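Each chain gets a letter, A, B, C, D, E and F, in the order it is written, and its residues are counted from 1.
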Amino acid sequence: MSKYKPLEGMSIPRFAGIPTFFRLPIENNPEKVDIGVVGVPWDGGTTNRPGARHGPREVRCASSMVRLYHPISMKSPYDVAKVADLGDCSVNPVDLQDSLKRIETFYLNLSKLNTKPISIGGDHLISLPILRALGKNEPLGMFHFDSHTDTWDSYFGGFQYTHGTPFRRAIEENLLDPKKIVMMGIRGSLYDPADLEWAKNKGITIITIDDFLKIGFKESLEITRKVLGDAKCYLSFDIDGIDPTFAPGTGTPEVGGFSVRESQNILRELNQINFVGADLVEVSPPFDINNQTSLIAANIAFEILCLMTKTSGSL
Amino acid sequence: MSKYKPLEGMSIPRFAGIPTFFRLPIENNPEKVDIGVVGVPWDGGTTNRPGARHGPREVRCASSMVRLYHPISMKSPYDVAKVADLGDCSVNPVDLQDSLKRIETFYLNLSKLNTKPISIGGDHLISLPILRALGKNEPLGMFHFDSHTDTWDSYFGGFQYTHGTPFRRAIEENLLDPKKIVMMGIRGSLYDPADLEWAKNKGITIITIDDFLKIGFKESLEITRKVLGDAKCYLSFDIDGIDPTFAPGTGTPEVGGFSVRESQNILRELNQINFVGADLVEVSPPFDINNQTSLIAANIAFEILCLMTKTSGSL
Amino acid sequence: MSKYKPLEGMSIPRFAGIPTFFRLPIENNPEKVDIGVVGVPWDGGTTNRPGARHGPREVRCASSMVRLYHPISMKSPYDVAKVADLGDCSVNPVDLQDSLKRIETFYLNLSKLNTKPISIGGDHLISLPILRALGKNEPLGMFHFDSHTDTWDSYFGGFQYTHGTPFRRAIEENLLDPKKIVMMGIRGSLYDPADLEWAKNKGITIITIDDFLKIGFKESLEITRKVLGDAKCYLSFDIDGIDPTFAPGTGTPEVGGFSVRESQNILRELNQINFVGADLVEVSPPFDINNQTSLIAANIAFEILCLMTKTSGSL
Amino acid sequence: MSKYKPLEGMSIPRFAGIPTFFRLPIENNPEKVDIGVVGVPWDGGTTNRPGARHGPREVRCASSMVRLYHPISMKSPYDVAKVADLGDCSVNPVDLQDSLKRIETFYLNLSKLNTKPISIGGDHLISLPILRALGKNEPLGMFHFDSHTDTWDSYFGGFQYTHGTPFRRAIEENLLDPKKIVMMGIRGSLYDPADLEWAKNKGITIITIDDFLKIGFKESLEITRKVLGDAKCYLSFDIDGIDPTFAPGTGTPEVGGFSVRESQNILRELNQINFVGADLVEVSPPFDINNQTSLIAANIAFEILCLMTKTSGSL
Amino acid sequence: MSKYKPLEGMSIPRFAGIPTFFRLPIENNPEKVDIGVVGVPWDGGTTNRPGARHGPREVRCASSMVRLYHPISMKSPYDVAKVADLGDCSVNPVDLQDSLKRIETFYLNLSKLNTKPISIGGDHLISLPILRALGKNEPLGMFHFDSHTDTWDSYFGGFQYTHGTPFRRAIEENLLDPKKIVMMGIRGSLYDPADLEWAKNKGITIITIDDFLKIGFKESLEITRKVLGDAKCYLSFDIDGIDPTFAPGTGTPEVGGFSVRESQNILRELNQINFVGADLVEVSPPFDINNQTSLIAANIAFEILCLMTKTSGSL
Amino acid sequence: MSKYKPLEGMSIPRFAGIPTFFRLPIENNPEKVDIGVVGVPWDGGTTNRPGARHGPREVRCASSMVRLYHPISMKSPYDVAKVADLGDCSVNPVDLQDSLKRIETFYLNLSKLNTKPISIGGDHLISLPILRALGKNEPLGMFHFDSHTDTWDSYFGGFQYTHGTPFRRAIEENLLDPKKIVMMGIRGSLYDPADLEWAKNKGITIITIDDFLKIGFKESLEITRKVLGDAKCYLSFDIDGIDPTFAPGTGTPEVGGFSVRESQNILRELNQINFVGADLVEVSPPFDINNQTSLIAANIAFEILCLMTKTSGSL
């Protein structure tokens, strides 16, 4: 039996032991595993409330509450893939460009070794260097769960790299194919009525939360599956797509979002999509309450792991 | 272009600057604006958990997270009306009647100048002196979002002025027309089976949360619009109408209430109503968690501002 | 008029007075009342996060917010039954078996006096000694609201008594009739795909939260009522059946659960069931936020009290 | 042996049982006891941050951590006096004068029965009606531990009754003899350089915290004992005399105050003073952290109880 | 009388009104005042826990608790100088060098207008651009209260600008005269035994907290005054010089520090020093508890204001 | 250079990486190191507020803030000894005797390998099985820092094993030599005036906090050193010896205790004592505030590590 399994909760209590993602073994050699869970403790792209640099540690701690089998499929990702905690990617808290470079380097190596990453951020700008590695050879499709499109052009007088711009940059750099992108959950007051136009003009499919309510869960997911098709896709899950009452520990909360149950059910409908990598970003522990956002993040990360191993299930 | 606009978040970070409502200019002369946002930092009518006197300050702070355009209509209230922060109304924390008088005086002036107020409380008793000013000449209709009817007669041996009695007094004083009042969200255990009877006998339309669930969102709103018609209406939004998990920072929490999303969607259906004033009350920061109630209140206040400027939109 | 009524909130403020359950009189002689509310401050069966021993005190405090009449039926349990706070059952925080024995003894006495108990835990293992008293003569049916089945066999190398095993033991000891048990709300990742099998094989009706979503509220409740029929039933309400955003103060949170409103509506559909006893367990105040879980628990306990006195009502 | 003793912690865990002050019996007939601990859940005199109305409940809960014997004297107040929890005095949260009257009435009865009160507030204005009862026949001396003198004349345009004015009123009403008053711990920025003058002119001995640091612990206490002499004295302990890092749960925190250890040691030096009544005020649980202020308050109240029974001891 | 005075707390409650520093008027033209209080909401130099960007807002809110007169001197800074809130300096949350430039520009203007700044940070790197303005013409002396010397050379492979390096850079740039610098309160475990050597070699007087305890308060202050003499001095107060139990809201807490009382008394001994500017940095509200760090910061800022106006006093 | 050193904070940020004690390597083979830091996540002996089972994880997280060199001695324990994180000892959360056995077994192995343990609890009962291993061959001396003597005989009707009894059992089992035990910091109200007598009669030297204040720091430490002499000693540090304002995260807080600075200075005076093992117990994260108790615990554990490697220093 593979050694790449979580510690057993029935013999070692879940509050015990050094906290790794899902109580998995630490593995410094990514080559040995199929899927690597990676922390990216960096929030240098944050324009509002910081703290996402503390995300990986708290999600590790909270993930000890997650067990091994998916409750609908009754399957376990650990039965079909070798999964380990690869530790944290190197970052520089006081230099943005240096950090982007370090992150890209780390993921180029994973890409070369064909180890699929699930990254725990960190703010949303980390998606850019990750995509520079994963989308290097051909642009990827993407399922993007978020309350913001993160396709702004620039902030504060022309500065192009913030957590509000990664996907504009990624499309400009041909790392993503906008025609194969679905953004779901977009909501909240806007700076400008033109805020979503660039994205729409590029061909991105945006399902705002209001669209979702109007057309319903079923049709929203059908549209999503149709757009993503069988493309190689990236999954980017911003925790602020979930309602901030459920997930308060984040930098740019937008009220009126998805419940956790809705979020789980949305993800579970994507079991057939070909995800080659994923991130879960914007968990900001200093703004969290009793680690409840980290606990949600850990459960969402498990759903994502099930998606990437085709061990999820839907209603 | 009007100077009565929020500071720009893209050039001045939203955590920076002195916190006014929606980052609007402070304006001491109400005559200059169409709509004035006013703080009423007073909770002298509170019979249970106090703290609403701290509401205005925290809602100001949280409101810096709200942007300029409504996400459905793509319109901005600031494009059609001059809006400013009028500061806080004078109050007396240790004398109830003196406070009622000070508040009435402040709003009589606004009324005279034809400046429509959005008031941030403060406990629900503040609605009474506001209505004494706004409903002086003719009784108003009212949309009342709350978990309680606030039509009690008296407490503690005959005391008539508390945050549980404002609308009984207002109807007795002919400031409100009970036939044009809709109360939505009423719920929770009762002191007496007759609790709602006075209100019903007066002709108030009460849609309890259980009624709402039984007849549904659509019919509830149709009834509401029909009752309010084209009357001059007041909007009184008690934050405890929202479920206390979402909005814990309030004095008399009643579990099992509306989610924020439901609350937003209810308000958005009232864009055609003729609101001449509004309040948002019972935000009690000492009982809040990470200011999440204040953030919700700020977003609700923005919805109200959109309603009063006909810049809201619905699904 | 019966003296077994709550203190009046309109004359004695709800924040005043020594906190008993629902502001009821303390009664040391259980014989005098029909229904006794009992604290069981013990969490010695907890395998994960402790603290449920502090549940009774905080639920007592929070319960002063609950009034006397059910909002749908407009009936009051205090009009049809004598209800009192019986104080806390004796427990031993450092000896599991001694505690089980003390609890059983306490409830055998209630059983003999025909006083129906509503027990406020404490962790879920307290249900076992209670059932040893209440189910002594004939096995009971049970409505079990929870995110876990609590039918594990053993932990940590064969230890049989934990808060994950009470109902396996109770069925083995013939205290419960598995064919008359409904478990609702089961969810979350599993240790093993066989986790639910023992229970299913015994004939227990399990309605997971996913089943609930698939077949709907109405059918779920119809099934429930059909299984329970007119059997003498026990009601065991684990607060972790509610979503941990609503009820964070619990030891084993499972995200994606019922809202409070759903939970209330589920219970209200069981007004015809013959409940002879009930418990509300796993409220862990050290993990709570602003006592919101205790407030929910107090409101749920009131719903249960209404069920046991047939004074509840449904939509 | 007297029944007026706390429950035993070695057989009934301290987290169990209905919380009364020090786990003492509830006694509705004050005549039966020598010393009655009374809650006064009222904060209607508060000009700044409210919440002291919630003080009695939380101090009751926290007081279950206090044991029976003083650590220096090795004596117990319960061995020399009958002490009970008399419950909460009646108050009116929305009428100041009505509340003052209700409180005075309650304490006149105690006074008549010769039951010495230890009152747990509530804000500092409660001292006035208590003194109207206790100082009715002859003016009392007073040891006043506080960061403010509470001898202001009026607020908000002439309003005379607030928590900043009780001792001015009490002296004007001849309830206290200013020559036999010591105020200790006064500190913090002032509204006016004349703030302390009225008090000094009346002959009150003020030992500011700066005086205390300059002349030292020993001399400060010698002065205190000399001023109080063998007069009948009242003890008024405002929790904000303690540094707000230790005791954050209060309405008007002044940084730079006494540590708890200093506060304990100050009180312990007053074992020979003839205290006929005492209060502990301004504990405001909504501003507290993990109930630490309530725990300190409970321990201070125990020190006061030891003083009033001459069972305290000093280094 | 000058209009540059705080709002009166006796007529406008301290919880009311738009929160400016010390409730002072907002003044956009620095030329009009002698001393300007400035927010610098930026933490881009933070290598550990972020959040100091939120410092100015919370210190403004907390500062409404501070009154007008110093408790020892009985003097008020507002009687001898015109003081106003100058608002927040412009910053860029995602570009370090751009931010340093913007800050320097802002302070060069103040310097030109001869308006002395009290700056509320922000992390400690803000001291560098401020000193580039204030120390431009001649190097300044400095009283530096901190648990760290902040004279590191570089982090993360040679990066020279972080909140651990400002004073090394300032000395290299000849903005500070190391012979006229006193650093007080230095403590905590070290990365390297050579950590303090560069500073000592440059001639900086370091009084670690252990030195302070050994030689005592009096001698420590005598040394300080002797080193600073009558030089033009800057005062840099890092809130982490105070013990983190008192001031938890900071990024790099070092246990075992000064109490607030000690900190106040240290500052009060420097009333004769010629301070031409000051900052108070590293208040990080996301890590604060009930705003207690902000309240301390506001009180310390008032002490600093008194020092700069010679209105402080000592024991 | 030894690989048993902490990760470098100057190149890998302290918030990054999987949290081990002091960022040390994980070592499963204790034979390889001189000193092993071990977690003992168990609180089954707790008679009051539980949660110490969560201590090891949070102390690991907080310990990433501690650097390598002692601030007074300028020496590092890592330069003189190989130190590693040995992970968590196996425990059983639902069986007390099974847990005592598992812990003893773990430490017997360390003892055999001559690896000195620093144990992070867990409640105070863990000291007993540790001493059964370390004191097996000859009774040890002990420095015991605590607010309680933990020499009770039994609780709840004769139960002998709780966190209030370990040292009575250890002396009875001849694992400790009472004549070589110093208990420092004992304080708080007592159940019985005889509480300390057994300990005193056995010859234990008790320095209550009141004794400490009376005879002073210097003499207290001289007595301590004299009693301990050059015996093989154990160090048992109960975090509740520190004042609960500093260290609130503990189960049985006693107000009026040592500050952290005093605690550090006490330990630093024991650099010459021959400590062969140590524990730090009773850190209960569910009762902590912002992890401040864990941070203090981590710093204290570093002081202990310096003591055990003779790399500490005193004023």
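Just a few scattered comments:
Following the convention adopted for this analysis, a contact is a pair of C-beta atoms (placed from the backbone, for glycine too) under 8 Å apart; a residue touches a chain by one contact, two chains touch by 3 or more.
As the structure is a prediction and not an experimental result, all values here were calculated from the model.
Chain centres computed from CA atoms place E at the largest separation from chain C.
Looking at A-F and D-E side by side, the one with more C-beta contacts is D-E. Greatest Cα centroid separation from chain F: this falls to B. Here the spacing of chain C and chain E, counted between their Cα centres, is 55 Å. A straight line joining the Cα centres of chain A and chain E is 40 Å long. Centroids of chain B and chain C (each the mean of its C-alpha atoms) stand 38 Å apart. For chain B, residues touching at least two other chains, in rising order: 13, 15, 47-49, 53-54, 93, 155-157, 245, 259, 287, 289. Contacting chain pairs (ordered by label): A-B, A-C, A-E, A-F, B-C, B-D, B-E, C-D, C-F, D-E, D-F, E-F. Within the complex, the chain B residues that touch chain E are 12-13, 15-20, 26, 39, 41, 53-54, 56-57, 60-61, 85, 87-88, 90-91, 93.
Across the complex, chain E meets chain D through its residues 8-11, 13-15, 65-72, 74-76, 245-246, 259-261, 264-265, 289-290, 292, 295-296, 299, 302, 315. Looking at the complex, you find that chain C touches chain F at residues 43-51, 53-54, 92-96, 98, 155-157, 159, 161-162, 286-287. Interface of chain A with chain B (complex): residues 47-49, 155-157, 187-193, 195, 208-210, 213-214, 243-245, 248, 252-253, 255-257, 259, 287, 289.
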